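A short worksheet on the structure shown next.
Per-chain residue numbering starts at 1, and chain names A, B and C are given in the order in which the chains are listed.
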């Protein structure tokens, strides 16, 4: 999330009740998660395991629960509970303020775009030119839709991330991380009917130019889909994953979180992808493997009874 | 289903044209299915295999197609077709009477709850305090939503059970069992976008306190989900199943009907659960088994070619 | 797609800038794809591999990119790009003309049918008698719903086919084939909540009489479902497939395109069907096979360690 204009770090320190250490005179331009931070961004970390990664990242300002060394051009904001500090910042700069109109006053829609009945368009949504948005679609706050995009009926763009922190010491077992990111859909993309695309937690969920999705496809938060991909019906992709250009996923494929599927890869129907796949090949099964290897494996399984027989014969 | 007030059994016998045997002066408080009945309830049974279970159940009054022995404090309502008798009672006490308003006059919504545009709220629906109901959600008759519940866009609460009786002797091949149950969602539960939760046939479908569901999760009729469960996207759970507290189901897991998954169990992505699973363990595959056993199985499959080679070598 | 009245072939040749060869005085009654064409229809073909099939099909008029021999009662419309010619005809005879009303003026709804709030009903839609259409359903142009049909909340009928032509030589990578077909749902069918049924590309997607679908079922374009089928939740069926009468598909089953599942077949939960299945049997697994064979296979896999041990013992 970008702030509308840079905010003095001192002001943020005050807001979250933090001790400010380092470059105290700086201004922050936004807040983001470790994989997406840029210079000027705030990031938060509450586990020593990730201290170094955060301090070495592009982020300029680290909300942290311990005073540690940090480069002098950066700053630490030391608090007891960085997660709560993050929530406070989101509440301040991107508060939940639901629009009660079908089309929010702050949304914009380009020339030639057709918005059919019963479509909800939230605050600050931007829709480009020559799009078709079918009935009963929901486009939530801050999402950005390019030109010549088709979104079929009943689809939801910008639902909250499925992202919870476990709080065993509290009345609330799981505490939701507030989503302040966006969904960005590039030109010529087409989204089928009954799909759901979650917004980024603090970054963007991206659907690349020319990518086409069939019905009931689910895309998790902060996932980046390349250009000209094809996803068949009922594909599900978890959060913070990267799908490169021209990837084809056939029906009901499931893809786990924070992995990468390389350019031009094809994953056959119903396969499950638990870890990264190199580009340019065809995969199949669970866990998804080179399809020819996996097909041979199915043949081998069918030969077990024969093998058993051979072994038994020799026993005699 | 509870009746608004207790109904004289004689009146019900007349309604369904039944011969009344046993405690003829009693009053019935509701009607329910065998797994959920309580004292004062009607239940129906049309197969001799289940006669005993129904008569021994907590139900006080049994709609049945044969005059059999029964405890004297109970009563039988003997009819030719108990299924049709059940349908008649549902039509009488919970008739289909669709509301033609976005929010029915008989629905109630608690303080602090945000209902976004295009949400349908049916008859007698009760929604608690401080909930957020996103656009294009449908909440059908009699459903109950607690406090601090979030329901994301496009979700359907209270769709009919997928429950049909085969009628080979009729023009209609499958006859739908009328759903008169409810969906009850407890405090702090969160339901993702594009989910569907079916109402109970005559009991309740229950979503326990603090349980969180990602997008496109399907929950069947009369299923009871415990507290603080996590269900990832595209999970499907069939009818009349019990999921105990803190269970985690990863993406695209499928769970069959009328089984139990024990407390703290974890089922890994794309697994299929055809029968009950003990709590406290991690499961994987189809049929879902202890994940470490199943992972070893995958390794064993990869060793078949080597095994084949060993056997062939020894042949020579 | 049927034209409203027969159109002179000469007029169509002019529209798509084609050289007309053969029976030039004829009139065309519609346009359809090779599997569904009838006498009087146009069909298009752009690959020599399919020239013969198209010329021998029931179609009377072939839009083609080469002048070849054809029976004298038929005609060829020779163009450079048959795909583009097809698009031009669709644009002319079934242009995208979205209705901006919840219920289009050209839609008809039969007596006794209940249309609940927030339902969208497009141009020329015909809905029969005594149906129930639940809230937030979308029924798009030209779809036909029979009598006594139930469509549960949030479902989409008539979304576009997922059908793209690859155009590597253009700015647009994938070019969408315009869908001009329909969805036809016969009497007594019931469609669950959150389902999506795509229209045919140029033919019909058919849901047979008395067929019942649970929630989140996806049916691809031009697929024909027989009578009295049962599909459990989250089933997905790709395009141009034929499912015969009384077929039962359990939860999360996936079915590939252009295949046939025979009458009375049962496919168990989570199975994948990549090729045709004979009727009357029960199938399981991926690829779906006779369920008893597949179950035995699971037992054989469990015996690999024992087999390994036997082989090793004999080595010593």
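Here is the rule we use: contacts are C-beta pairs under 8 Å (C-beta built on N, C-alpha and C of every residue); 3 or more make two chains touch, one makes a residue touch a chain.
Note that this is a predicted model, so its numbers are computed, not measured.
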Next item on the list: Identify the chains adjacent to both chain B and chain C in the sense defined at the top.
Entry: A
Next item on the list: Could you work out how far chain A has to rotate to sit on chain C, using CA atoms and steps of 5 degrees?
Entry: 120
Checklist line | Interface numbering overlap (same over half, different under half) for chain A and chain B | finding: different
Next item on the list: Provide the C-alpha centroid distance between chain A and chain B, rounded to the nearest whole angstrom.
Entry: 32
Item checked: Residues within chain C bordering two or more other chains -> 118, 136, 154, 194, 216, 234, 252, 301, 304, 307, 311, 314
Notebook entry, point to check: Okay, in this complex, where on chain B does chain C touch?
Noted result: 96, 98-102, 118, 120, 136, 138, 140, 154-156, 159-160, 162, 164, 172-174, 176, 194-196, 198, 216, 218, 220, 234, 236, 238, 252, 254, 256, 272, 274, 286-287, 297, 300-301, 303-304, 307, 310-311, 314
Checklist line | chain A partner contacts - residues on chain B that touch it in the complex | finding: 114, 116-118, 132, 134-136, 150, 152-154, 188, 190, 192-194, 210, 212, 214-216, 227-228, 230, 232-234, 251-252, 269-270, 298, 301-302, 304-305, 307-308, 311, 314-315
